[in-house]
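Heads up, the next two complexes both have chain A, just with different partners, chain B and then chain C.
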Partner chain A sequence: MPLAKWWDQARQLPGAPRTCGLGVNAETWSQCAGDVAASGGRLLAMWASACDAWDNADTVEIDDIAGPAQGAQSARDGGSLATEAYAAFLTDRGVLILELPIERSGAAAAESTHYPGLEGLFPCASRMQRAMFDVSRVRSSDPDRRPWLRHPAEGYELIRVAGDGVHEIAVGPVHAGTIEPGHFRFSVVGEKVLRLEQRLGYTHKDIERRFMELPLAEGHRLAARIAGDCAVAHSWAYCQALEGMAGCIIPPRASALRALFLELERIANHLGDAGALANDAGFAFGLTQFSRIKEELLRTMSQALGQRYLLDAVVPGGTQVDVSAEAARSLASRVAAIGRESAQLGTIYDDHAGVRDRFTGAGILTPELARRLGVLGLVGRASGQPLDARVDMPSAPYDVHVPAKVVRQEGDVAARVAVRFGEIAESCRLAQALLASLPPGAHRTAVRAPPAGSFATGLIEGWRGPVFVALEAGPGGTIHRCHPHDPSWQNWPALEHAILGNIVADFPLINKSFNLAYSGVDL
Partner chain B sequence: MLRTLRKICEIGLISEPPPQPDELLRARAALDERLRSVLGRALCIRHVDAGSCNGCELEIQALNNPYYNLEGQGIRFVASPRHADLLLVTGPVAANMEAPLRRVYDATPDPKLVVALGDCGCTGGIFGERGASRGRVSNVIPVDVAVPGCPPSPLRIIQGILTAIGASHL
Partner chain C sequence: MRPGPIVAQALEIAVALAAAPLFLGWVNQCRAWLANRGAPSMLLPYRNIRKLFHKDAVLAENASPLFRIAPYIVFGTMVVAAGIIPSLAGRLPLVVAADAIALVGLFATARVFLSLAAMDVGTAFGTLGARREMMIGFLAEPALLMVIFVASLISATTALPAISAHLASERFTIDPSLAFIGVAFTLVLLAENARIPIDNPATHLELTMIHEAMLLEYSARHLALMEWASALRLFNYACIGFALFVPWGIAARDIGPFGLTLSIPVLALKLAAAGGGLAVIETVSAKLRIMRAPEFLASAFLFAVLGLLVHVLLGGA
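Let's turn to the complex of A and B:
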C-alpha cells in the first residue's frame, strides 16, 4: 500500500492519538495527497502558519508574527516571507499532517502561486484554500481565487445559470429565522433547484488572529466560542493539544467528566434539531415536546453543573466543575428520562404520515457522493460513511466507553433524523454509564507552559463531527498559532449537492437536517 | 394520533409567568410612554445575528419553548425587519455584517427598539474590537437595552425585552 511509505517516514505528534507529521516539498506534497485520496483517505483541514490581521490584509510586509525573525526582516526589504502550508488527512491509520515550507512574496502576492492546490483530489479543499489566502496570503494553484472570509466591498461573482425560465432566488445574509447569517443563491426552474451556491464568511471575526493575542492557558475560552453549540468539542480539542505539548496527563475523572459533557452537548443539540425538523415538516407538536425536553435537560445541567451551556466547562488540565454524587444522580435520572421520552416521540414521528412524507427522499446525499466530497460526522454517517473519531481514534475514556456507531445508507432527511434519534439513545446510554462509573480523584491538574515551538493537535468528535485543532506554542506561554477546524467545512459543499432537484420549499428542512455551523467556519 | 393527544394531555400547561423588567439593563433613555404602550401590546421582534458564535441563538430559540412561551405574552418573532418593532441583535458586529446590520436597522419602521444581547453584543466580548470585529452593537446602531451573559439565560433575555418596552402591564 503506497500510503504506508509516508506513514513510515512520519513522526509522532503529541496531543490527539495516532497523529503524525511529515515534512514535504511541493512534489511530495502532491504525491502524498494523491496516495491518501487513492486509499480512501479524507482531507481533514488545511491552514498556513502565517496569520495576518484584517487591517493588514493588503500589506503582508507590515505584519508577520508567524514568520521567523529573519523572514520578517527580509520582507521589510521587499523580499519574501518564509511560512508553512499544512494539510491534515484522515486515514485508516490516523491523522497524517503534511508540512510544506513555502515563501510568500510581499509585492506579487495577488498573482503568484505558493503551493499545489488539492481541489482536484479533495473537492472540499477549495474553500479552505481560499480562506488560507484571506488569512495567510498564500495562494494555491487551483483556479477559484475568489475571496472567502474577507469580503470585498463589492464585486463577488457568483456562478450564474442561464437559460429559458431560469431565475434566481437570493436569501440572506440575514435569514428569516433565528439562525446565523450566510447567503444562499438558488438558480431555479419553476419550483426545482438547478443550482445552489453558498457564500459564507459573514461572521468572520479574525478568530485565528485573536488566538495569537491570548496566553495558551486562556485559549480554551476562545475555542469554546468558535461555535457555541459545540463548545465542549472545540475547547476539549484545544485542551487536548495544549496538554499534549505540555506532557500533561489529565486525571481519569477529568476525562470521564469531559466525555460526559460532550455527550450532554450532543444530546442537547440533537434534541433541538429533532424538534426543529418536525416543525419544518409542519408538525409543531414535535418542536413543542423536544424543546420542552431540551429545556428540562438544560435546567438539570444548570443545577448540577452551574451552566446551561458548557462554554466554560473544559479547562486546561481537566474540567472547571466537578460533579457531586447528588448532581450525578440528578443528571443520570434526567438522561434516563430523556432516553425514554425521545424513543416514545420517535415512534410518534414514525407513525405520522405527513412527517414521514416530508422526511423520506428529501435532500438525498448518496453514499458515493458523500465519500467523494469527503463528508464527515453526523451527515456522513447518515450517508453510509461509518466515521466516528470516538471509535476510530479514541481518546480516554472512549477507549473504555465505546459508543456504537449509528450509520444509515439512505442519505435523506429521514436518515439524518434517524441518526440523531439513534445517537440520542446511544449518548443517553453513554452518559449514564459514565455517571455510574466516575473515577474518584481530582478533576483537574496543573499544566505547565510548554517550550516555545511545541506543536500538537487535538481531535474530538463533536455532535456535528470531528473537531480538529492544530496548536503551536510561542515563547513564555503564548500562542504562536492556533487553527481550529469544524467539520462544517467539509459538509457545507455537500448541502449544495443534496438540494439539487428538490423544491425550494424543502430547503429549510434539508438545511436544518444538516444544521451546519456558520461561525464555526467563518472564524 | 391518540398517542400524540395523550402526550399533550399528560404534559399539560407548564408555561411560567414572565420576569419583571430590569431598569439596570437600559442603555439609553426610554421611548415616550405613549409609543411604548402601543408597542407593548403585540411586539414583533426581528433577530439579527451580527457575528455571534450561535450561543445566544440557542437561548433565543428557547424563548418559545413551553416553559417561557414568549408568544403567549403577545411577543413574537417575525421574518422581516419591515414587520418588526424591536431588533434583537447578537454577537460582536463582524466587519462583513456591518452593512447588513445597518440596512436591517434602516428597514425597520420607526419607532423601533434595539436590544443588544450577550457579552459580545454589550462589549465585543472575547473577540474585542479589533481586526474583523467591530465590537459592541452600539458601535454600529443605537442600542436601547443591553443584556450581558455568555449566553444570557432566557429569563434575562425576556427581562431585556420587557425592559425595552417598559412592559410593567404584562
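Let's turn to the complex of A and C:
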C-alpha cells in the first residue's frame, strides 16, 4: 500500500492522537495527496503558516494586491517570504499533515502560483485554497481564483445557468429571520432547483490574525467563540494542541469533565435542531416541545456549571469548573429525563404522516457522493460515512467510554434527523456514564509555556463533526499561528449537491438539516 | 328605500371590519395554547394594524401606481364581499344584490390584483409568491364553485341568503351531500387563507412563503390594509361556511334592532368555535410540500363532486 510509505517517513506530532507530520516538496505533495485520495482518505484542513495583515484598504482588487504589511519592506526590496502550506488528511491510520515550504513573492502575487492545488483530488479543497489566498496570500494552481473570505467591492462572478425558463432567485445575505448571513443563488425552472451557488464570508473578521495577538494561555477563549454552538469542541481542540506541545498530561477528572461538556453541548444542539426542523416543516408543536427541553437542560447546566453555554468551561490544563456530587446528580437526572422525553417526541415525529412526508426523500446526499465530496461529521454519518473521531482516534476518556456510531445510509433529511435522535440517546447514555464514574482528583493542572516554534494539533468530534486546530507557538508564550477548522468547510459544498432536483421551497428544511456554521468558516 | 336596511347593512360591514382582526387574534391565541405556549393578546392584530398606520410608507423606486393602488382594491373587494355575505342578516341591500358566484369573482379579483402587485416590483420573492398563489387559486376556485353549486342545487338558487334560509328552514337532518361539501369547503378555506397545511402564516423563511412572499415589499399603511384584508378574507370564508352549514341564528327577515342584536352574539359563538377548530387543524398538521398542494385541492374538488353525486343519487329531493 503506497500510503504506508508516507506514514513510515512521517514524524509523530504532539497533541491529537495518531497525528503525524511530513515535510514534502511540490512534487511529493501532489503524489502523497494522490495516494491519500486513492486509499479513501479525506482532506481535513488546509492552511498556510503566514497570516499577514492586509493593507487597510476597504476594497481589494485582485489585480491590485500590494505586498503584505509585514513583508512590505522585503517585497519592495525585491525579496520574498518563506512560508509553509499545510494540508491535513484524515486516513485510516490517523491524521497525516503535509508541510510544503513555499516561496511567496510579494510583487507578483496576482499571477504566480505557489503550490499545486488539491481540488482535483478533494473537491472541498477549492474553497480552502481560495481562503488561503485571502488569509495568507499564497496561491494554488486552482483556476478558480475568486476571493472567498475577503469580498471585493464588486465583480464577483457567479456561475450562470442559461436556458428556456431558467431564472435566478437570490437569497440573502440579509434574511427575513434572525440568522447568520450567507448568499444563496438558485437557478430554477419553476420550483425545481437546477443549481445552487453559495457565497459566504460575510462574517469574516480575521480571527486567525486575532489569535496572533493573544498569549497561548488565552487562545482557548477566542477558540470557544469562533462558533458559539460548538464552543467546547473548539476550545478543547485548542487546549489539546496547547497541552500537547507543552507536554502536559491533564488529570483524568479533567478529561472526563471535558467529555461530559462535549456531550452536553451535543445534546443541547441536537435538541434545538430537532425542534427547528419540525418548525420548518410547519409543525410548530415540535419546536415548542424541544425548545422547552433544551431550555431545561441549559438551566440545569447554568445551575450545575455556572454557564448556560459552555464558552469558558474548557481551559488549558483542565476545566474551569468542577462538578460537585450534588450537581452531578441533578445533571444526571436531567439528562436521563431528556433521553426519555426526546425518545417519546421522536416517536411522534415518526408517526406523523405530514412530518414524515416532508423529511423523507428531501435533500438526498448519496453515500457515494458524500464519499467523493469528503463530507464529515453528522452529515456524513447520515450518508453512510461511518466517521467519528471519538471512536476512530479516541483521546481520553473516549478510549474507555466508547460511543456507538449512529450511521444511516439514506442521506435525506429524515436520515439526518434520525442520526440526531440516535446521538441524543447515545450522548445521554455517555453523559450519565461519565457522571457516574467521575474520577476523583484535581480538575485542572498547570501548563508551562511551550518552547517557541512548537507545533501541535487538536482534533475533537464536535456535534457537527471533527473540529481541528493547528497551533504553532511563538516566543515568550505567544501564538505564532493558530488555524481552527470547522467541518462545515467540507459540508457546505455538499449542500449545493443535496438540493439539486429538489424544489426551492424545500431548501430551508434541507439547509436546517445540515445546520452548518457561518461564523466557524468565515473566521 | 327606507333607512333601516342601509343602517343594518352598514352595521354588518362595521361588524366584519371590527371582528376580522379579533378572529385572527383568537385563532393565533388558540394555536399558541395548543402548542403549550403562552398566548399573545387577542388584540395583537389590532395593535399591529394601528402601528402600521402610524408608520411612513416606503416604496420601491420602480413601483408603478398599480403597486400603490392594489392594497386599496384588495381591501375594498374584501369589504364588499363582507357586505354580500349574510353574516348577520339575510335581507340586506348588498346581500340580495349579488349571488355566490359574484362572490367567488370578487375573491378572484382580489387575488389578481394582489399577484400583479407582487410581481410589479420585480423581486424574486414577490414573483415566486404570485406564481404559487395563482397555482393555489386556479385549483381552489373550481372546488369552491362546486361547493356552491351543490348548495345551490339543494336550494334551487345561487343567492347565498336564500340558500342559507332554505337550509335553515329544513328539518334538522344530516344531508350527506352537505357533509361532503363541508369537507371540501374546509380544505378550500385552509388553502385560500394561507393556513397550514398549504402555507405557514408564521414562517420567516422567504423561500417557503406563498401569501407572505407577496407582501414582502409592502410597508406601513399599505401593509396594514393588506393584513386587514387577509383577516377579512378569513372572516368572510368563515361566514360563508356559517351561511352554508350552520345557518341558524342569521336574521332571515327581521333586520330591525332586535334581530341584529340577537345575531351578533350567535355569530361570535360560531366564530369562537370555528377559530378553535381551525387552530386544532393547524396544530396537528405539518405543512405540505408545495407540490402536494394540487393533490390537496384536487381532493377538495373530489369531495365537492361526491357531494353533487350523492345529491343526485338521493333523488335531489
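Throughout what follows, the second predicted complex is superposed on the first by the 500 of 523 C-alpha atoms of A that agree within 3 Å, B and C clash if a C-alpha of one lies under 4 Å from a C-alpha of the other, contacts with A are read in each partner's own complex, and residues count from 1 in each chain.
Simple rule for what comes next: a residue touches a chain if its C-beta (ideal position, glycine included) is under 8 Å from a C-beta of that chain, and two chains touch if they have at least 3 such contacts.
The model shown is predicted, which means the values in this text are computed figures rather than measured ones.
A.B. asks: With the two complexes superposed on chain A, say which partner A:325 touches: chain B (first), chain C (second), both, or neither.
C.D. replies: Neither: A:325 stays clear of chain B and chain C.
A.B. asks: According to the stated criteria, A:209 is in contact with first (chain B), second (chain C), both, or neither; which is it?
C.D. replies: first
A.B. asks: Touching A:176 in the superposition: chain B (first), chain C (second), both, neither?
C.D. replies: both
A.B. asks: Residues of chain A touched: more by chain B or chain C?
C.D. replies: When the residues of chain A touched by each partner are counted, B comes out ahead.
A.B. asks: In the superposed arrangement, does A:508 touch chain B (first), chain C (second), both or neither?
C.D. replies: second
A.B. asks: Which holds for A:285: it touches chain B only (first), chain C only (second), both, or neither?
C.D. replies: both
A.B. asks: Examine A:519 and indicate which partner it touches, taking first as chain B and second as chain C; both and neither are also allowed.
C.D. replies: A:519 sits against chain B, while chain C stays out of touch.
A.B. asks: May I ask you to decide whether A:150 touches chain B, chain C, both, or neither, giving the answer as first, second, both or neither?
C.D. replies: After superposition on chain A, A:150 lies in contact with chain B alone.
A.B. asks: Quick check for you: in the superposed arrangement, does A:357 touch first (chain B), second (chain C), both or neither?
C.D. replies: second
A.B. asks: Given the touch rule stated above, what does A:201 touch, chain B (first), chain C (second), both, or neither?
C.D. replies: A:201 sits against chain B, while chain C stays out of touch.
A.B. asks: Give me the intersection of chain A's contacts with chain B and its contacts with chain C, in residue numbers.
C.D. replies: 176-177, 285, 288-289, 292, 352.
A.B. asks: Would you pull the chain B residues touching chain A in the complex into a rising list?
C.D. replies: 3-4, 7-8, 11, 14, 47-62, 64-68, 77, 79-81, 91-92, 94-97, 100, 104, 125-128, 130-133, 150-151, 153
A.B. asks: Quick check: in the complex, which residue numbers of chain A touch chain C?
C.D. replies: Listed in rising order, the residues of chain A that touch chain C are 167-171, 175-177, 191, 278, 280-285, 287-289, 292, 352, 354-355, 357-358, 362, 503-508.
A.B. asks: Which bits of chain A are touching chain B when the two form their complex?
C.D. replies: For this pair, the touching residues of chain A are 53-55, 150-151, 173-174, 176-181, 201-207, 209-210, 221-222, 225-229, 231, 272, 285, 288-289, 291-292, 294-295, 298, 308-309, 311, 344-345, 347-348, 351-352, 517-520, 522.
A.B. asks: In the complex of these two chains, what residues of chain C are touching chain A?
C.D. replies: Touching chain A from chain C are residues 31, 34-37, 124-125, 128, 196-197, 200, 202-208, 216, 283, 285-292.
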